[in-house]
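Working notes, beginning with the structure itself.
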Amino acid sequence: MSSATLYSVSYDLSHTLLFALGGLIGGPLGRLLENGDLVTGIGVLVFAALLLAASMLNTIVLIWYERKLLGRFMDRRGAMHVGYAGLLQNFADGLKLFRKHTTRPREADEVGFYFGPTAYLVTSLMIFGILPISTGWNSGPMPLSLLLALVIFSFAPLFIFVSAWSSNNKYSLMGGLRSAAQMIAYEVPLLLAVVAVVVVAGSFSLTTIVYEQQNYWFWGPLIVALIVFVAAMLAEMERIPFDLPEAEAELVEGWNTEYGGMLFAFFMLADYLRALVGSILIVLLFLGGWTLPTWLPGSLTAWPLAGIFWFMVKTYLVFGLFVWIRASLPRVRTDQLLRVGWNRMIPLALLSVFLAAALVTVRCVPVFGCVPSPGA
Amino acid sequence: MSEMWINMGPQHPMTHGLWNLRVRIEGELIRDVDPEMGYLHRGIEKISEDRHYNEVITLMDRCCYVAGLAWEHLYIRAAEQALHVDPPERAEYLRVLCDEFQRLGSHLMWYAAFVQDLGLMSPFLYGMRDRDLVLDLFQSYTGARMTYEYMRVGGVRNDLPPGFTASARKVLDWLSDRFREYDQLCLGSTIFRKRCDGLGVLKGPDAVHHGVTGPMLRSAGVKRDLRKDRPYAVYGQLDFDVAFADGADVTARYLVRMEEMRQSVRLLRQVLDWLDRHPGPVIAEHLPRWLGAPYAPIGLEGYLLKRNYPKGVGFSAVEEPHGEALAYVVNEGGEHPYRVKFRSPVFANLSAARTYLVGYHVADIPPIMGSVDVCVGEVDR
Amino acid sequence: MQPADLEQALRPRLGEHLLGVEPFEGTAGKVRFDRSAAVATFRALHDELGFTHLAMIGGIDWVAHREVVYTLWSDAAKQYVFLSTTVPADDAHVESASGVWPSANWHEREAWEMVDITFDHHPDLRHLLMPDGYAFHPLLRSFKLHEPEELEVKVRHV
Amino acid sequence: MTEEGAPGAGTTTEENPVLYVARPMATAARQFVKSLVRPSTIVYPYERLEDPRFRTEVAVASGRPIGVGQVWDNYRGVHALNIATCISCNLCAFSCPDLCIEMVTVPGPDPKKPKKCPQIDYGKCSYCGFCSDACPEGCLTMTTRYELSTPRRAEMVYSPQRLFDVFRSKLPMNPIRLERPENEDRILLDPPLCIGCNACARDCPTQCITMVDVPKTDPKPGQKPAKRIWKEPVVNDSDCVRCGTCISVCPKECLFWGGPP
Amino acid sequence: MGRLSAPATSPGAGAAPAAVPAEPAVPFVEIEAVRAKEFVPAAKEALTALVAEQGQRKLIQPVFNWAGRNSLFPLHWGLACCAIEFAAAFGARWDAERFGVVPRSSPRQCDLLIVNGTVTWKVAHKLVTLYEQMPEPKWVIAMGNCATGGGPFRTAYSVVPGVDKLVPVDVYIAGCPPRPEAMLDGILELEKLIRERKE
């Protein structure tokens, strides 16, 4: 396990910076700068800024990727005129939304109307502080990082409901209600599927889970858990076929009907941030994270940033699967969605937990190999 | 949750046009509906009274903008009966060609809009793409994509350009392949079947009672198709089957429309073969001059009266893509029609909305209304 | 079905209220009836002759009087038939057909707002196409169209 | 769901969720692979459907047609007016169902007799092509130009000069033209009403009306002698374009449409 | 009946298809890159302003202008015939999304109101409401003749003779209905208008 984490890099950066500055100024003021607490504080800030920049950039590229991919599924080109191949399109969208006036309906709840989207975006961003991207890019040892990520991930329905309720629109309200019902229904199978992974990996730490997949990735032996996880993740991300809360055809724009300008941009960003988090979680839990199979030549990972590169490749491929589903499947109905959630997904998830338990008992699977003993 | 009224429209993604569906809901269940029409009422029947017979054709294209040629055909048949004009046979075949291509175009447009209501994204684009090919054919002989102004009292404006039938056959081949793809995307999908089966049921007797016609009626097992039951133009000489289904639900309407498109392809192949073999005039000879060409020279006022042109009443019934459309044209001897009255199939289909919407979920409104295939232009006129 | 058949079938039920059956090209005929026997005529055609589908109700303004034309279709005979009744312009009302054919509802609303023919015992006679409170009946001959007047054009004030 | 023409496809009720989700996904994937080669999008400002290479059928790499060829031969777009051959007959203005054509004066060869040519308001025109069908000289035709966006409403009114510019730009024009139908109507004269004022002959765009002498008739007893020029118009039917200008200018309304019924 | 005369009689006979000013075929890569060049002048302008220290507002204005004109979200609203061509412009063949034009269903998220069809007096106040619900900066395109001036229906008793009587219109598109290309041309015209706009 590499010792250089993202936080330690930030801390070192801040340490170097402040000590150099302190040495430059000299005297008592300079010594004040060489304070350890200050270094820690600045280090956290640098860490946050790095995370923010990386996640935002990734999100915007993700939107571009989806638009282009969806375009080809639909036999058209997608955004192509703003920037090379439309790469700058989403920046233009973001800047435009930033400049647009934000209007609040007169009858809307003042606090909730602004609090909802902001909290939605902020909680979605918070998850990125927990997810390890590669050996270098992680926030240090976090024994319960998976649990923490999922807890933050499940904050969303609350904020969606707050913003939907406070915009004082019937469509928004219905969208909010659907969103709450749907996310609660799919929270359970999601967690159960995660339990299967945790049983096999023997840890709640995402980093450990990735290292547990050295011998074989979990998608093979835990295929049932993967299916449950992908379906539940689709519902949590509110994408077709489970995009009922913002079902265009009947609910206009769902719970963000009354939001325009930057608040709408918050929603869009948060949606895609969650989609990114979903893809990343699938890569981490089932597809071996930043590692490659051992039978591949080692030169593929022998260069700097190779971990991040392969991780992003996997993430974008997983997201491509979501785009593919979006391009080819219709939307389901609320009651059907809930019925599938409670009647099909939870039994399947329980089954996957039993399978995982059996796997841990048996230890070895033909084709895939053996599980290392937990905690080894 | 207590009951509340919500307005779906006039600006709502579900409506596909300018109308308002007021829905009383309890939770997600529909308790009552009240369609509110008239947002697109342009007074076409009134304007027609101020226009010459041929000039009304420009309004017909805009009356139903997804089936312009079918409406031209409808009006022209009534006007010809009122004015005692007989078109030549080739013109009748050309009109059937227009009608059937228009059915393809309209149903493809319906397909695109319907699947979009269900949240299917790509087939919307596929439907629009394939509809554009049909519009290309229209453009190559009428000169416009949507507002054709092709038919005239006594025939049609012009003959087909050379090479038309060959490219038309290519388009038909292309479309026949696509229908399978459409079925795979819709019927092949479990989610689609779960969404659409048993939805928006309107049984046969109810449908007849409420004046519902077209694919909606045929999907309820009633085999009424004016092309078969009351053959107009040259439909009596062509070989085709009436598409129908028994389900009376959204899936059944989908099946009927898909089958109608296949039957249209079958009809079109026969029509194209006939047109290849039988050249001839496309407009009646010895027409009164103001009918043969769209002129309105000065001094026309009272012209017909002076010449004792016979009065008449024209009536025509055409199986339009949406259903049974009727026209009633009164010729009182003036240069303008005295009264023009149209019957829009969607008008009646929509007026029965309460029978097939109440009791379902809010989320079911888009697919059900999508399966009705609303064209507001012809409802409001 | 020929006009003579129609007359034969309807005469016993309507008596002198049946004013005649005229031939009409492309249909079974045009049945002219007195408006006082409207519901009886509707019932006779719907129940006895099998004209279960009401396709259209149209009003025509003949200045002195107004004519209401009903178009019916029979699935058995595969034929259309016209029903026609005249009402004087100053007392333009006729019994509603929506009790016999539910589909008459919207057609009658339209005929009422366009040609000003009141349908008695109509369940819901209000504006369909024009906004509520619209005072005119556009399809009357006395209602003339004209070029629109020049209205003020809105410009952006930035 | 049997008998003739009944759609039989897709009526299966077997439950196989995985297969039935996989089938539409496979269809979409097939489309995706095809589109990777060349989507059917036309990159509009840089490629146009009226480009010669789109005029014939384009079979792109994936075997999909974009357009079906020859789609522009009959297209009705902006008009082109050949001012030189326009005879100011007004027929285009009369035939316009939307009343968007106004005849305006343009400088002609003869300064004394100013020429009137159509000015078209594209904010009203419905592109029905009735005017170009009505034009007896074929000087008003429709081209394939369709881009007419402007921030100012007034710019949508095309003066004859601008229409002439369109004509000179040599855009592809509508080659399918109607021949003028058999004319059975002709201008007839109600002789007792005519006063021989020469208005019809003066304003006839084709100069097909000649004034011929008529014998002076004696007034009936008890009546004043008619105040008139003893000439009557005679219409040369082969040259007449049946525009009705003579009828409109006749002060006594003695000309009318007639002919074999 | 020789109704279909040979093309040679047409005055446009000289302009057979071959006479179309053939545009040079632009390679795909260049097409993708053409509009990317637009950003460079905007950025250059911004940098020049920074050097000249002309204040913050001048500095960010070109960039926001660039963003605003390249990301026009029209309201997803179909009125009449033109709405079908409006939909076709988002179809596979023309794909208006290439220009960043994505229809949104909620007026709060739109900056462009494309009035695609006949506006009747019955719907007039709803149109104005929708316009007012759109946050600034916003633009209006009158698509087709009905929106421009009532079109063929302008004499009717129920039709607004031109949507410019209700809301300020920035670009008019003629056509009945305009082809999808013409609609795209109108959007490009609007982009040009926004570029020249001084705030």
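A, B, C, D and E label the chains in the order they appear, each numbered from 1.
Note that in this section a contact is a pair of C-beta atoms (placed from the backbone, for glycine too) under 8 Å apart; a residue touches a chain by one contact, two chains touch by 3 or more.
Everything numeric in this text was worked out from a predicted model, so none of it was measured.
Farthest chain from subunit D, judged by C-alpha centroids: A.
For subunit C, the chain whose average C-alpha position is most distant is A.
For the pairs D-E and A-D, the count of C-beta pairs in contact is higher at D-E. Centres computed as Cα averages put subunit C at a distance of 38 Å from subunit D. Our note on geometry: subunit B versus subunit C, Cα centroid distance of 23 Å, whole angstroms. Centroids built from CA atoms put subunit B at 48 Å from subunit A. Put simply, the C-alpha centre of subunit B and that of subunit D have 26 angstrom between them. Multi-chain contact residues of subunit D, defined as those touching 2 or more other chains: 21, 24, 27-28, 31, 39-41, 43, 72-73, 97-98, 126-127, 153, 174, 176, 178.
Multi-chain contact residues of subunit A, defined as those touching 2 or more other chains: 71, 73-77, 80, 248, 252, 327-329.
Looking at subunit C, one finds that residues 129-131, 138, 143, 145, 147, 153 touch two or more other chains.
Chains that are in contact with each other form these pairs: A-B, A-D, A-E, B-C, B-D, B-E, C-E, D-E. Taken in their complex, subunit B has these residues touching subunit C: 37-38, 41, 43, 45-47, 50, 81, 208-213, 222, 224, 229-230, 313, 315-317, 324, 326, 328, 330, 338-339, 341, 343, 347-348, 350-352, 380. Residues 71-77, 80, 324-325, 327-329 of subunit A are the ones that touch subunit D when the two sit in their complex. Considering their complex, residues 10-13, 15-18, 38-44, 46-47, 50, 58-59, 62, 65-66, 109, 112, 124-126, 128-129, 131-132, 145-147, 158-159, 280-283, 285, 376-377 of subunit B touch subunit E.
Subunit B meets subunit A in the complex at residues 4, 6, 8, 12-14, 28, 115-122, 124-126, 129, 185, 189, 191-192, 194-195, 361-366.
Only residues 70, 73-76, 170-171, 174, 240-241, 243-244, 247-250, 252, 326-336 of subunit A touch subunit B when the two sit together in their complex.
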